[in-house]
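What follows is a short report on a single structure.
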Amino acid sequence: MELHILLIFMIFAAIVAIEVKDLLSSVIAVGAVGFALCLAFLVLKAPDLAITQLVVEILCLIILIRATINKDLPLVIEGRWVFNALSTLGFIAVFLLFSWLALRELPRFGEPIMEVVKKYLQEGVSKTGAVNIVTAVILDFRAYDTLGEATVLFTSVIGIMAILRKPGRKKKE
Amino acid sequence: MILYFLCLILFCVGLYGVLRKRNIVKMIIGLGIMEYAMNLFFVLMGYRFHGRAPIDAKDQNILNMVDPLPQALVLTSIVIGLGVTALVISIAIRIYEKYGTFDITKIKRLKG
Amino acid sequence: MNSATIIPLFVIIPLAAAFLISLVGKFIKRSSETIIFISSLALLSFSLYARFLLNSSAGKIMIYKIGGWTPPFGICMVLDGLSCFMLITVNLIAFFVAVYSLPYMEQYTDKPKFFTLFSLMVCGMNGLIITGDLFNLFVFLEIASIASYALVAFGTEAEELEASFKYAIMGSVASTFIFIGIAFLYSFTSTLNMADMARVLSNKQNEWVIPFVGVLFLMGFGLKSALVPFHAWLPDAHPSAPASISAMLSGVLIKTLGIYSLIRIFFNIIGATQGYLTVLMFLGAISMIVGVVLALSQWDLKRLLAYHSISQIGYVILGIGLGTPLGILGGLFHLFNHSVFKSLLFLNSGAVDYATGTRDLKETGGLGKLMPVTAKTNLVASMSIAGIPPFNGFFSKAIIIIACLQKGNFGYAICAVIGSILTLASFMKVQKFAFLGEIKDKFKNIKEAPFAMLFSMVCLAIICIFGGLLLIPSLRFFLDDAVAVILKGTGYAGVVLEAAAK
Amino acid sequence: MINNPETGMTLIVKTITRLTVGLILLFGIYIILHGHLSPGGGFAGGVIVALSFVHLMLAFGKDVAVSRVSKNLASNLESIGAMMFLLVALLGFLRGSFFLNILAKGSPFNLFSAGTIPLSNIAIGIKVGVGLFAIFLALVVLERSK
């Protein structure tokens, strides 16, 4: 039941984050959505994710505030034009309709079919020695994902440093 | 069933933000909300009623553990989201430095 | 060490090169160039060697179990006809673009960072091709995309930043759609291994999940491969990227990230029903026409080439969407040809930009006399993209058109013919305005591009000329294995699981 | 800690930071090391370590933190961390396949127990921590030089 409350709060905070005029308050509203997500992870029995989400959220907020703090905070004139509004809302309505139909056929909430994961749960500790099964999955059963993951972060750090360097091109002679 | 649908509504709020807003930072915020909804949707899939966190206790043998696989994948996806958001924010900062505004409709130096 | 241990090398080599370059790039002069040259050469030779290993392996498939776990529990790498075909295409173009960009990148500061990002992009593409796991495909898709977002904005000029921002936002939206699709599939089949998922999906009937997931993937990967409703980012992103990167983007990136993933998911996992095929064919035909029509009015050389990329991708999607063996053969062959001559065209435009400093066709004129080699390679590439007989473009387009006629939908065949005629027209314009006519006075003293750029352009031109030979019986195995994998469809699951059980 | 008044925040924040930065860093290292026993692992711990540096920089101004970890040192350390993780993966080649967990597994509940998992956790922790701090340095350095 508390998940329903959290989710409704997140949707409300997200709408506030999108619609509010001032940039800084929309950044704060996104922070609220992120922390509510962290709470949702705790309720869903995922402590690993709660820690990671909390900490990543703080860093994201710092970077976002750094990007918007002393910029001119213009009065944000509302949306682009009517056709764009209609097409977006139409697309969202169709997307939600079909997702409702598809969601009905998925296993019900709270009863996941866990064929592959049974092996992880039974042999997690014995085969990998790690008590935290999630870490066992990350660093042993599916360690290749984490290599890709570390590369994603490495790419974004190198990419950011490449974008933020001062003289982009040597001036032609 | 309702939880999944609420999560997809949150996803659509983020999508609305990305497609409709003119301010670059608002688009980045919409993207962030879409990432949050995406991660929550995957973890919701792995929840088990009165299940336990997937960490073995020393004494008893826990049988009803929650599904650890979505948690492992969403950990990866959270850090991917951080990487993409940081990259897009640094592009936005450089754009602000060059164009002097965050308004996407005014950033139109590209021809065609 | 059985023969399958070659497969992880396709990811380890570019990763090690990227980490090394970012470590030693600044201190040791020219070290980043040598490292990138060695790693791309090694990758090319390994992909060719893997092709022959594949011939000798049983059932034309090689499985590599990471960490020693059997597939449904761990991640496995799968090397079959289709992925080997894509590997050779990717590493061939990556090698020539790496050689090309050694002198070309002198215009930009901070070369080591460029080569790190380039090597990471190649690592992302290679990882995506050889993986047998759906979430792993998403992770490597992200690596290649983030590297290409940063590379598009490498010149940090105003237009490039704007183009890169639009590309990054649309790319991330596509990735979220793909991730939602993966979440649906995981919840429905509770496994992430592609082969295991195909097996579970084939005997678990559903009514709305697979169509919904199919549409999600079509939107996500359609945006990555710039099909028409989602092509808005491509004409902005490709011209503003450095020339070697737009060659990689147009030549290879939209194919591996977009088309290869679409093929894998639609043919090997979900099972291509007639509904999906007609949608694919329809999208392909529209892309063909829209791309060419928009390209006619362009004066910026690279923007014109970007619009042509959209129309040529339409050919490939039309070919593969036909579903008949001849159609798929034509589509894949055109995929290989397009990546060769489109990257050659972008490298030519880069050479023109390097020498004259401008890409606008109005200003450049009569460069043929001062840049003879570039003019000739551009002629070869223009002829093959327009589909003139001796060159490779003609063979693949002809096969696609014949396949369309065989299958009986004449509308698409007529679209294909009109498309190639308009392509010919617009490339005559390029040839006339860029290389023929009289030379402008401010370009009197330009000199030919440096040797390394000419080397890779000439080699690509040679491949363009002799590309048609791939159809002769002795070399047909190269394409036929890929076509066989696609035609097997969900049989892919049986083959992979049985090979993994060994 | 040089506490010249004009850089960084007010004195109160500086004194509190002086107390908490060490604790945050220690907590981050704890999370990295106990990745396979308690929740959190290389990623969460690395981000906490990065936050302790960011915390230091916000409170005391740019030059204090930069004096400790300069920008190219940060990017070098990050590539070293990434190299370490790749080497741990390649270790698996010695006995069979790519990511094989070849070190002794040990008994489950004590610290040195899960083979290569703690090593990978440390490598990822270093990489994430220093990498994210390098991002923050790049963002702030751009601000100064405008």
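By written order: A, B, C and D. Residues from 1 in each chain.
Throughout what follows, contacts are C-beta pairs under 8 Å (C-beta built on N, C-alpha and C of every residue); 3 or more make two chains touch, one makes a residue touch a chain.
Because the structure is predicted, anything quoted here is derived from the model rather than measured.
Among the chain pairings, A-B comes first (most C-beta pairs in contact). A centroid comparison over C-alpha atoms places D as the chain most distant from chain C. For the pair chain B and chain D, the distance between mean C-alpha positions equals 23 Å. Chain A and chain B have Cα centroids separated by 2 Å.
Separating the centre of chain A from that of chain C, both taken as means of CA atoms, is a distance of 29 Å.
Between chain C and chain D, the centres computed from C-alpha atoms are 37 Å apart. Among the residues of chain A, those in touch with two or more other chains are 47-48, 52, 56, 59, 63, 67, 99, 104, 106, 112, 114, 116-117, 120, 125, 131-132, 134, 136, 138, 140, 142-149, 151-156, 158-161, 163-164.
Along chain C, residues 15, 19, 22, 66-67, 135, 139, 142, 146, 149-150, 153, 156-157, 161, 164, 187, 192 each make contact with two or more other chains. Among all residues of chain D, those that touch two or more other chains are 38-39, 41, 43, 75, 78-79, 82, 86, 98-99, 101, 108-109, 128, 135, 138-139, 142. With chains as nodes and touching pairs as edges, the resulting graph is complete, every pair of chains being joined. Contacts from chain D toward chain C in the complex involve residues 72, 75-76, 78-80, 82-83, 86, 90, 92-93, 96-101.
The part of chain D that touches chain B in the complex is made up of residues 38-39, 41, 43, 108-109, 128, 135, 138-139, 142, 146. Of all the residues in chain C, the ones that touch chain B in their complex are 135, 139, 142, 146, 149-150, 153, 156-159, 161-165, 168-169, 172-173, 175-176, 179-180, 183, 186-187, 192, 235-236, 240, 298, 300, 303.
Chain A contributes residues 98-99, 101-102, 104-107, 112-117, 119-120, 140-145, 147-149, 151-152, 154-156, 158-163, 165, 167-170, 172 to its touches with chain C in the complex. Partner chain A is touched in their complex by these residues of chain C: 15, 18-19, 22, 66-67, 69, 72-75, 106-110, 113-114, 116-117, 120, 123-124, 127, 133, 135-136, 139-140, 142-143, 146-147, 149-151, 153-157, 161, 164, 184, 187-188, 190-193, 196, 206-209, 211-213, 215, 357.
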